[in-house]
Every structure is written in structure tokens, then in C-alpha cells.
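Listed next: structures, encoded as C-alpha cells.
In what comes next, subunit A is part of two complexes: it sits with subunit B in the first one and with subunit C in the second one.
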Partner chain A sequence: MTATGPWDGTFERLLRSRLPATIEVALEPEVPLTHYGLTSLGYLELGRALSEHYGISIGAFTERAFRTVGSLWHFVADSQLERVADSQLAVRADEQLESSGPVQ
Partner chain B sequence: MNSKPFYIAGVGAYLAPRQTAAEAIAAGKYDAESARINDVASACVEPTLYPAEMAAIAGRAALKMAGHRARNVRAVFHSYVDYQGAHYWQAAPYVAMHTVGPSVPAFDVVQECNGGMASIELGRRFLDDEQDAVLITTGDRFDSPWISRWYGDQSVLADGGSALVLSAAGGFAKVTALVTQADNSLEAEARGASFRPAGDQGVIDFDLMRKQFYAGAVPMLEHYGRMEVVLRRCVERVMAEGGITAQDLGYLIPVVTTKPRAEVIAERFFGIPVERTNWPFGRTTGHLSTGDQFAGLHELVTTGKARRGDRILLLGGGTGYTVTAALIEIEEDL
Partner chain C sequence: MTARTTEAERVAPASSLDGLFAQSARRYPDATCLIDGGHRVSYGQMAREAAALATAIGPQDIVAVLGEREFATYRAYLAALYAGAAVAPLSLDFPPERNARILAQAGIRCLVHTDRRGDPLLEAQLAAIGDITLIDGLIVPPEAGEEQPPDVPAESLAYLIFTSGSTGEPKGVPITHRSVRAFLRGVLPNYEAGPGDVFSQCHALTFDFSVFEMWGAWASGAATLVVPRLQALDPAATLSRHGVAVWCCTPSLIDAAAAAGQLPQGSLPGLRHLIIGGEPLAAATAARARTAAPNATIDNVYGPTETTVWSTFYRIEPQQPMPTGGTLPIGTPCPGAHVRISEAGELLVSGPQVFDGYLDAELTAVKFVTQDEQRWYRTGDLVTEGEAGVLIHRGRIDSQVKVNGYRIELSEIEHVASRLLGGRRTVVVRTSTGPGDAGLALFLEPPQVDEDAMRRRLEQLLPAYMVPRRVLIIDQIPLTANGKLDRDSLSDLAATWRGQQLAPIEEVEQLR
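And then the complex of A and B:
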């Protein structure tokens, strides 16, 4: 699916599949998710889908993240950046361990 | 479930005059965007009667329908969520006095929106002998200064009364399964995770309380996850006890909320079209607090939509968090 906002296509597909009222409606970053008809079960399913696809802990999602389409995408994108940064730090740590030789 | 069979012998409803969403918008009480999303066409708005009075009217109608099957009413259970007409006063004895008389024990049941369904769970325990009956009523009126009717808790709040007569002697519908499930760890949702002095009560902001609950007690998705477990467990058990699947249901009558919620519970949770729920009727009444299921059943059987052989699931849920599900089968056309 082609993204219609600053988010990626997968995000839009996962979100739209849980919004009963948005089949023909454009997603606007600043519009509250409740205005698209998202309900408690929808939040839960969407959180699980985003967690699985983007590798975000389900416990990390906050109420604030779910306020608008834009806030949810920023949360996902920021979590992705943190994961990349964490993995780069881990790689550097491994490289430093290897270059320093065996631990005595 | 209790092995003794019991029945619904009577059902009654008092629905206040309707105020449309358009009228509410014109009066500055509602907004067009919420109206578009929620799709609630109108709400019952009572100008005169107090909740216990509306409950008694519905109760008398249900008793009249029950006829001889309500000869020996053992108890009255009256449920509600808001002010009944006086402080430090019990409404159930008023309802009992104006329906079955002065000597029948009467109990108030306060379990948020699951109060009416919870009363079935309590009431069936009074059906010891084959002539025993129990009267269950609901009643609410949402014009108190601490509540905003058109911005209720995920719903538009509505005024009215409703009633059921449970009977061991028979009825137009048999209760084939009844299940209640609970998760008390979610009770703080309805108080925003903290207590407040009585003098600090302003207009109740349900969204704000929920945000406070998420921030201070249970994170949002954890909350929804626990609710889903309770709901799924309750529904699975009641359907298993009844020996049917969701596809066998003639109708589903859940709490009246909004169109998106009605569609999700019908189509995604049960896999049935929303037209087989009380939503087409409920969107004209609004959320009758603890009485949606009884008013919905009243509408189905008195209009002839539900007929003999139909299986109907009454599904209640209330912050706390409790869910009660009653599976019934229509045995007599009214």
C-alpha cells in the first residue's frame, strides 16, 4: 500500500485495516484516532500488529502515542531509531571486545 | 450454571421522548464531528419523571406481561448508575412498593453498566420453587450537573426504565446459559486511578480519568488486553454452555455505545452483521445505562422481529470490570 502521509506503507495498511470508518477517507496526521472510529479492540489489535512488525515491545506503547495518526507514527519511527541506535552500540561494543583481545 | 431452569416471563420498558443529535448540536450540547463518528441519531431525554418512577412503570409492564407466572415475586433488584431522586435513600424499595407491594425484599444493584445483567445473576438465586419469580428493573436520568449526556463514557447517555421478570414457572424465553466473569484489577479506571474528596467533583471527564488511569495504574494496551480476556472468556463459556456458535444467534444485544464500537463487537468479535444487533434500535435511544439489554429485548419481541426458536445473547459489561452474558431462546411468540 502506498503511504498517503509521512509514514510508510506498512504502517498505513496496518492502521487502515483496523479503522471501520476510513475506507475512502484520507488519513490526516493531526486528526485524533478516535475520529476515525478506532475502538478499544482496534487499539489492541493495532498495537499488537505494530509491535510484531516493527519489533516494539507491546508494553512500550503509551496512551499519548495513540492520540493521533501522526503521534502514533512518530512513536513507531522514534522506536525504530532507538532500535537502530541500540544495535549500533551493541556492534561497537562487540568490536571493542574483539579488538581488546581475550579477557584475562 | 444453576441446574434449575428459569425463564423470562415478562419484559417492559419506559423510554423517554427523543432529542435528536441535530437538536443537541443546535442547542450547543453536541458537535457535528462526534455525531458523524458515533452515528447516534437521538437520545431519550426525560423532562419529568425520576429514575425510580420510570423503573416502576417498566416493572408494572413486565409484571403484566408475565401474568400468572409472576404470582410469587420473591425479590426485586433495581440497578442504575446515577442519581435516583434523593441522597441517602434506597431506590429499590420504592420500585418494589410501586410494583409488587410492601412486603417483597428489594435490593439496589450498583455495578456500573453491568448492573441489569448482574441482577439476573443475583435474581436467579431466589428462584427456589417452581412458582417463584423475581422482578429486575433499571432506571436512570442523566441531567445532573456532574454529567454531560452527549459526551458520556464512550456513548450518549439516555433516560428511561426497563424491566425483566424472571420466573421458574415458565416464560416466553428460556435462559439456557448465564455466565459472569470479572477482573477487579481494572476497577480504578472509573475513578482515574485516585480518590477525590466529595467536594472536588466537577463535571465527570471520562477521557481524562482514563488517561490518568493509564498513566498511574494500568497502561492502555494492558488494560484493553485484560478486558479482552474477560470478554472472550465470558462469551466462549456462555456459548459452550448453550451449545451454539455465534453464527446460530438470531440477535446480539450488547451495551449501546457508538457505531464503530457496535460494528467491532458484532462483525469482528462475533462475526455477525451489525444489523443482527440492537444497534439499529439503540442508535435511536442512546445508552440506557444498565437497561440496554432489557430495552433491546423488549423492542425485538414486541415488534415481532424475534420469533420462537431465535437464540439471543444479552451481553453486559461495566467498568470494574465485569461482563455478564445470558443466552436465551424464544419459546413463545408474543
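And then the complex of A and C:
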């Protein structure tokens, strides 16, 4: 699916499949998710789907993340950036260990 | 852990909520009062900052607080009380027009927001509100040094919560410090909490279950853990991670979590107290809770907002056998509360926990009766008295629907259907008001059932006019923002079938 906002296509698909009121309407970043029909149980389903796809722990999701389509995407994107930064740090640490050579 | 004083000693001296918080802050300045994500706030810090923010609020009667459930919003809530005002929590989930009507109805002249100006959700809310003093709750003035709140008289207003009224206008329920203190004094001895203990805070501040989630902890020197909605549906992980000792939830939340596989057997071994309220508690739901939390007391608590959080409770100790079938009793009154049953079977409540009256005086006149020189609040709930004076909830007076002259109690149909299905969750709503058509629909979550067979069995157990016309399967039974069953959504959903060729059961899911 093609994204209609600053998010990726998977994000759009995951959202649309769980927001009943998004058929044939554009997703607006500043519109509250509840306006698209997000129910309390929809939170769980959507949270689980995002957690699974983007590798974010369920415990990391904040209340604020679920306010609007835009805030949710920002949360997901920030989590992705943190993951990338963490993995780069890990790679650098490994490289340093390797370059330091055997302990004399 | 700090040596524990008795609850009576702990609760006795301060007469107001702000006084109570200040008292805990003096006794346990370094203990944690709030856990919000990775952030832990001590009583000392919270008291200092709330007192400083109170100076920015100044003298007010009622202060509205608008924000997400996060540190700054709890600080603003306390600051309103520290300013000597009553607090009226508002929700960003509510339409701006509804919040504006609330402010106008209650004559509220001051609002503390805990989002930055420019945030689109906040701006949409503020645009609907007329001329009012706005305080940015994120900006705390330099600490003034004076941390003692005014400790206002017990008869002054502590908080104002709005419930949905039958006319569609929000109904303002003002609660005094006297009522909350009476409630806390009555119930806190049941939980023996102290510094180091953690209470869950799962519910919106606009729902009065949150009053216990905060003040049960804060009156005891314990911490309250902010649980975002998503984590509330995954209690096994969330509560264990933070060592929650006291968990408050609705039956719907337990059912939803269990259905999602988030409440496996023995998954909450450290939970000491499970407090379930807000809706009738089915025995099957209580059994799910017991399976997950083998060592917790389970309290089924009951009470309208008007009688301050809850006014009766029924406790099941860990070793006690679980009731089977139907719903759990709502038990006996909290210490200090008095109950009686009217001739029509309606539960009446009196005592210091009962509020003085709505903002709307006409409504107040209808909802109180005077008997034996005492003022009794009419709860609108039907009850009977069981063994040892234990009260049993029999449904709402206004949940009775009248079809062709017959009074139908929807909960009775739900109980019968649930029994037939081995305790599965069932919800009955009315879908049509057309002549000669009871138009009742029975909602179930998967797995599917044979609709005809189900109806035939129901016909053997219920009068024909009580047998639902349709049995509809939906993926998940919806909940409201407060975690209660969303009957209105189900009625709307069922109404989409009205007047149409009814879809066979297999297609219902696709239509959804």
C-alpha cells in the first residue's frame, strides 16, 4: 500500500486495517485516532501489530503516542532511530574490541 | 521498608486531600509517589512543585485540568488542590464542545493545560472554550518555600466529575473533601499499604475509579503507577514489571486481556489486592482473575460516582472457593455508609460518602428521598439481599426495556445465554423499536455458534419475547474510554442490520 503521509506503507496498512472509519478517507497526521474509530481493544491490536513489525516492546508505548496518526508515526520512527543508533553503537564497540588486539 | 503506622493514624489528622498529600510528603519525603514510564517522582519533589504551581493558579473555586495521564498532569491536579480549589479533570479524548459545555455549566474560570501551546489537539480544545484564565502546567514558578496547602474545610469541594446524563448533557457530580475522606477512612484498612507499595493507575482521571488509584496510594505513602491504555491490556507483563500490589480494573478489561491471552494462569503471583469495579462482575470473569492472581484478595466494589468511588464491596480471600454462575454479590456497605432497599427494589445509600447534590438542582430533587429524617441517594440499581445481608445486584432500573408491554431485563437474558455457552461473554442490546418486534440482538465473540440451536435453547429457558432475534459474532466486544462495555457502539452496530436482509452469521464478521 502506498503511504498518504510522511509514514511508510506498512504503517498505513497496519493502521487502516484496524481503524474502521478510514475506508476511502485520507489519513491526516493531526487527527486523533479515536476520530477514525480506534476502540480500546483496537489499541491492543494496533500496538501488537506495530510492536511485531517494528520490533518495539509493548511496554515502551506511551499514552501520548496514540493521540494522533502523526504522533504514533513519530513514536514509531523515533523508536526505529533509537534501534539503529543502538546497533551502530554495538558495532562500534565490537570494532574497538577487535582493533585493541589481545591483552598483553 | 518504613515501619507502618496504622491506617487510622495515617488518615486521621488532615481534613482535606491536599492536607493528606502534604502529610505523606512530611512523613515520607523520599518515598516515590508517582511512577510514569522511567520517571519516579518523590513525595518531596511533587509537594514542592505542586505548591509552586499553586502560586501561579492563585485563588480559584474550581480549576479544570486538561492533559494526558503523565507527571505534569498529576502535578497540576495537586496544584489545584494546593491552591485551595476543587479540581475538575477533563479529557483530551472528549470533543472540545463537550469540555466547553462542562466549563460553562460549572462556571469554571481557570484551566491548567499540560500540553504545549501550539499542539493541535490542545488548540482545538482551547478554540471551543470562551474567555478563561489559562495556566501552562509545564511552567512551574521558582519554588516559593511554602509547601503547606491551606487544608481547606472538609465541607468544601474536592473534585468535580462529569458523568453522562440521560438527556445527553454531562451531569456534574461535586464531591467534598468530607466524602473522599470518609471513603478513604472506610476502605484503606482493607489494603494495608505503605511506602514501597505500588498501586496501578489505569483509568482516566475523568472516571472516579482513578480517585482510589491515586489517593489510596497517596494517603498510604505508596506510589501510583501510570499505566497507559495499551499496557493496561497486557496486565501480566505490566503489573509484574513494576511489582504492583494493588490493581484496579473493570470486568471488561479482565475479559479483554484474558481473551487476548495476556492473563495466563499464575501470571500475577505478586499481586496482593485485585479491585474490580465499574460494571457487574460475572463469576466467569472473577474466575479468570483468580486463575491469574492466585494470591490476591478479589474485591468486587460497587458505587455510583455520587456516593464517592465505591460504597459497598464483596471480598473473596485467596483460599476461598470462587462463586459459580451469575454475577458476584456487591457485598456489604463500607464502614460509615448506610444502605437500604426501597419497595421497588432500588438500592438507597446515605452517609458521609454521599454527595450533597448535582450542579443541576432539579436533578438533585429527583435523585434523593428522605426517609426517617435521613437523606438517601437513589442509585437506580436494583438489588436483593442474600445471606448475611450481602447485597446482590439485579441490574439497572433504566436498563429495563419495555416490549409489547413486557418489561425485559437485558442482563437476565445475558446470564442465561452465558450459562448456555459455559460462561462466555454475552451482551444483549435492543436494535429495533418497531411495533411487534422485540428487536433484541445477542452479541458474542468468536468462536461461532449455531444460531438456530442457540435460539432454540434460549426459547426453552426464556419467554418468547425475551429471546434475541439475532445472534451476532464480532471480533471483540468494544469498550468505552473508561474500560466499560460500550453498549451504544453495539446498538449502533446492530442497527446497521435493521430493515435489511439479515446477513447469515458467517458474513457478520466480514461486514464488521
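Going forward, the second predicted complex is superposed on the first by the 102 of 104 C-alpha atoms of A that agree within 3 Å, B and C clash if a C-alpha of one lies under 4 Å from a C-alpha of the other, contacts with A are read in each partner's own complex, and residues count from 1 in each chain.
The rule is simple: a contact is a pair of C-beta atoms (placed from the backbone, for glycine too) under 8 Å apart; a residue touches a chain by one contact, two chains touch by 3 or more.
Bear in mind that the values here come from a model prediction, so they are computed numbers and not experimental data.
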Combined model on subunit A: subunit C and subunit B, fit or clash: clash
Partner chain in contact with A:Leu38 - subunit B first, subunit C second, else both or neither: first
First, second, both or neither for A:Glu30, with subunit B first and subunit C second: second
Partner chain(s) touched by A:Thr68 [first = subunit B, second = subunit C, both, neither]: second
Touched partner set for A:Arg92, first subunit B, second subunit C, both or neither: neither
First (subunit B), second (subunit C), both or neither touched by A:His53: neither
Touched partner set for A:Arg83, first subunit B, second subunit C, both or neither: neither
Subunit C region in steric overlap with subunit B, selected from 42-50, 132-140 or 456-464: 456-464
On subunit A, the residue positions that both subunit B and subunit C contact, one per complex: 34, 39-41, 43-44, 47, 58-59, 61-63, 66
Touching residues on subunit B, where the partner in the complex is subunit A: 33, 37, 210-211, 214-215, 219-222, 224-225, 227-228, 258-261, 263-265, 268-269
Contact set on subunit A toward subunit B in their complex: 20-21, 34-35, 37-44, 47, 58-59, 61-63, 66
Interfacial residue positions of subunit C with respect to subunit A in the complex: 37, 68-70, 92-93, 120-121, 226, 228-231, 233-234, 237-238, 241, 256, 260, 476-481, 483, 486, 489
Sites on subunit A touched by subunit C in the complex: 30, 32, 34, 39-41, 43-45, 47, 58-59, 61-64, 66-68
